[in-house]
Amino acid sequence: MIQLSAKILEKEEVACDHYRLALDAPLISKDAHPGQFVHVKITSQYMPLLRRPFSIHRINSSGIEILFRVVGTGTRLLAEKRVGDELDIIGPLGHGFMAKEDTFTAILVAGGVGVAPLFALAERLRQFTEVKMLIGSKTKTGIICLEKLEALGIGVQVATDDGSLGIKGIATDLLEDFLVTAASPQLPIYGCGPMPMLKVLSEIAQLYSSPCQISLEANMACGVGACLGCVVKMVDHHSPSHFEYKRVCVDGPVFDAKEILWR
Amino acid sequence: MIQLSAKILEKEEVACDHYRLALDAPLISKDAHPGQFVHVKITSQYMPLLRRPFSIHRINSSGIEILFRVVGTGTRLLAEKRVGDELDIIGPLGHGFMAKEDTFTAILVAGGVGVAPLFALAERLRQFTEVKMLIGSKTKTGIICLEKLEALGIGVQVATDDGSLGIKGIATDLLEDFLVTAASPQLPIYGCGPMPMLKVLSEIAQLYSSPCQISLEANMACGVGACLGCVVKMVDHHSPSHFEYKRVCVDGPVFDAKEILWR
Amino acid sequence: MEPNLSVNIGKLRLKNPVLVASGCFGYGQEYAELIDLSMLGGIILKGITLKERKGNPPPRIVETSSGMLNAIGLQNMGLSRFLKEKLPLLSDIPTTIIANICGETPEEYATIARELSNKEGIDALEINVSCPNVSHGGMLFGQDMMLTFEVVNQVRKATTLPLIVKLSPNVTDIVPIAQAAVDGGADAISLINTLLGMALDIESRKPCLSNITGGLSGPAIKPVALRMVRDVCKFVTVPVIGQGGIMTWEDSLEFLLVGATAVCIGTANFVNPKAGVEIIEGIRDYMKQRKMVKMGEIRM
Amino acid sequence: MEPNLSVNIGKLRLKNPVLVASGCFGYGQEYAELIDLSMLGGIILKGITLKERKGNPPPRIVETSSGMLNAIGLQNMGLSRFLKEKLPLLSDIPTTIIANICGETPEEYATIARELSNKEGIDALEINVSCPNVSHGGMLFGQDMMLTFEVVNQVRKATTLPLIVKLSPNVTDIVPIAQAAVDGGADAISLINTLLGMALDIESRKPCLSNITGGLSGPAIKPVALRMVRDVCKFVTVPVIGQGGIMTWEDSLEFLLVGATAVCIGTANFVNPKAGVEIIEGIRDYMKQRKMVKMGEIRM
């Protein structure tokens, strides 16, 4: 974990309102794992005041990449940055995916910009195992990184709510279809996306006895475990109330799906 | 008075930390007079929250120019704007100089960036009368618009505290020298600059029975006379306390020097 | 169906729930060239006192993070000059006009209220028991239950105009004070006035304001304002006018959601004179989108 | 001459006047990889209660204009696990460590204080009578003179550790409460804790925080904090630790100018973990430039 000023090396609008930034940060990338994140100070003003967390989208020797969707003030200002601008970032932060390298196939399920961290994971896993990526979005403009994933030799299937690309449906439909016909059982599943999708994902995984790791999001202040602002409810068999709060920033963002106490 | 979004047509760094912006605002320039100002919203964020007032530096058919010095957050952000960016501005605001066109010579005395409004006045006055401009600053890098004024045929004399340009001294020294030797008495004086300079200016003017108009500054919120935030102490012979507060934004920014109650 | 934005503040009917706040809109005319005043739900005038007040020496305002401090000190021409010089201009403004009044004693409040009653051009009174920038009266009344009751009660006896009581946030518990105002005869509660604050200039090593302390307004105070408005709305039975840091229609909506009947736009006018008008449009669009036809449906 | 930044808080000597605030720096270790902890004047730990507290459900934080609201609800492992799991790690941190304690009754405060006394690793106690996010104790004590006195007095009897009492800004008049704390035996006063506020999400039409209200911190509150710190400094005789919205050394200086002996950095740590260290450097440079040699010379 280090705080540094990273120059923006590349900027690409990968889709409408989706941007990719390549950051000059070898001191971060050397320790980074898929599923970890960086905490980004977007401006020197106090608006937004707090840092914004972004998953590490790609890891290479010169630094890392992030991929984000514009949803509010912070991401809008971030999208206005230019190549050469410096960003004050802290990272790598949190616990990433435990990449199981000894399985036949790994299934990565992404909702929308949830592709961001799974991309780094796919790049890692494909060195050892077959990688299957299932991506869902409202409509085809929200399906990002498709060509790049296919270029890496990763099998991608797509679902859109409106059927404008791939099947008409959601990513977890693709997952069920896949698992029903899968050759081997208990294939590991890795997921990132909106909460409702992740909940269904975790139910399917349980049904097929697949180990399932999920990357969660939460409002964050510190990003390093100090403020207790980012907690999620987790199963705790030792506690009389059977739950405990865990911090997304340091205990996660990746959790075993079985640990999560879904509402 | 109108609120509009004005495109930046030109941007020039006229000196270290001094910028000139030409704004596309014919609806403002058509009613603008030297000494009036525009109230500028610098960002859509809340930092800085309030508008910033800038004197109208030049008036032409396509719009107006402002000339400013970077002193804090607002002016720093303004200096980062680029040609083509839009600025939300309100203007023309306030009472400008009453340009006396029937005198032999007009004397304009500027301290530092106080040149900004006096430039517009000089351009106006020179059509009718001889214009003499006396500019003072700490050092030569703070003496701005010199060539441009001379190109207009305006006689400029310069004083710097360190003697790096013109005489070693302050602008009001130049004024005294000039008045002592002036051919005709009661020449009108127009001043803009830091308060201590303006105070001396007003004393000299009184000594030589010169009518003297001075442009004042104050922290402003509304710029239109509504908040009463920008007041200065003025002589009031009708009031038992002999003073009243007047608003720089609508009662000024240009006042008769005799009205001002100097501290 | 076109939504109906009108609301009732006691017997006072506003064409829409967006007022401009006292001290932030002069006497209306100041902004007449920049916006169509008839669009506004109403205009609350700069505070009026019995005698002329010169106000505090400058500097009177300073900007802070997402806010501003002001210590105007209630500069105004006093009641009698107001009646002569400003009142005649008010009846021409085609919207509701509310006078904001402040006194050093309950009797003074009552005197001003009486004088402003039955005057063409004044539709309601806002009793300011919350000005932080005067050494007598103002906030000192609004920080005390009994004194608040006393002021409101005396004014109530002096006029039949709708009475809005404007409260100070600089208190431990706002609810009993709001209730005291209602008990005294308030037709509505208005809050929050500014938070007491200060700022220093580290160059000169002196306070930025000559008055040392001032009232904090603007987006910085919105969370505090919302919390207090919610508390008061849950408790009192009269309409509440919410304010403090409203810059956009989204901000207004937060106040309406927690139960405010109307909102007041203060500092935002300085930043964007069109704020009030734009907020009205924003609320209208929101209602249209959600197929709401009257204001009461917004409340959560 | 190199300026001497050390200050005394009662019998507690800090190597410099910059502390990091409770709840904003965990137990120190969280930031150990990012800054050199030994540089700090001291670390105030996350609030400790007698029993474990799970805290409030999420969402617990939301950003506001130049500020943030938090409703952590004092999540902590409770005194006994703290003693077992965290205390042993503290003595390795080469700076002053101050425990922040909170209880539901004066007796509970005293019990915690007693247990933390004479323990390697704890140099002083900060009594939190100002937490806005718990339904019992916390701010309810700090809003009442008598209760504040009672809590401090009981703790005073239970320990000889230096006692800092942390006050709530959500009061009509902070001065008598500060005085009550001093009368109860406080060696120093710390203020301000957060302002009570709330925010709404207009999309979901619900409060942003599950707890509905939360504590406002960050630059937005600095003007209020400064005003209260000044008021207390003018009145009480013990050292005051100023906080609320400090982001830069210039902000710190404002607090030192109005009379604070030390300052506390809260929200700024989240924004810039180096804030504390940079502020210390900034103060040192300021003193050098002005040829000041000891902290007392800064005060205006």
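We just call them A, B, C and D in the order they show up, numbering each chain from 1.
What we mean here is this: a contact is a pair of C-beta atoms (placed from the backbone, for glycine too) under 8 Å apart; a residue touches a chain by one contact, two chains touch by 3 or more.
The chain list, named the UniProt way, goes like this: A, B = Dihydroorotate dehydrogenase B (NAD(+)), electron transfer subunit; C, D = Dihydroorotate dehydrogenase.
All of these numbers come straight from a predicted model, not from anything done at the bench.
When chain centres are set by their Cα atoms, the one at the greatest distance from chain C (Dihydroorotate dehydrogenase) is A. Counting C-beta pairs in contact, the pair that comes out ahead of the other among A-C and B-C is B-C.
Rounded to whole angstrom units, the spacing between the C-alpha centres of chain A and chain C (Dihydroorotate dehydrogenase) is 47. Chain A and chain D (Dihydroorotate dehydrogenase) have Cα centroids separated by 36 Å. Annotation for chain C (Dihydroorotate dehydrogenase): residues touching 2 or more other chains are 65-67, 218-219. Contact with two or more other chains is made by residues 46-47 of chain B. Chain contacts in this assembly form a complete graph, since each chain touches every other chain. Chain contact summary for the complex, chain C (Dihydroorotate dehydrogenase) toward chain D (Dihydroorotate dehydrogenase): residues 64-67, 69, 143, 170-173, 195-200, 202, 205-206, 213-214, 216, 218-224, 226-227, 230, 245, 250, 253-254, 257-258, 300.
Of all residues in chain A, only 1-3, 41, 46-51, 88, 90, 218-233, 241, 243-245, 250 touch chain D (Dihydroorotate dehydrogenase) in the complex they form. Residues 65-66 of chain C (Dihydroorotate dehydrogenase) touch chain A in their complex.
Note for the complex: chain B touches chain D (Dihydroorotate dehydrogenase) at residues 46-47.
Partner chain B is touched in their complex by these residues of chain C (Dihydroorotate dehydrogenase): 23-26, 30-31, 33-34, 46, 54-55, 57-63, 65-68, 70, 72, 75, 218-219, 247, 267, 269-274.
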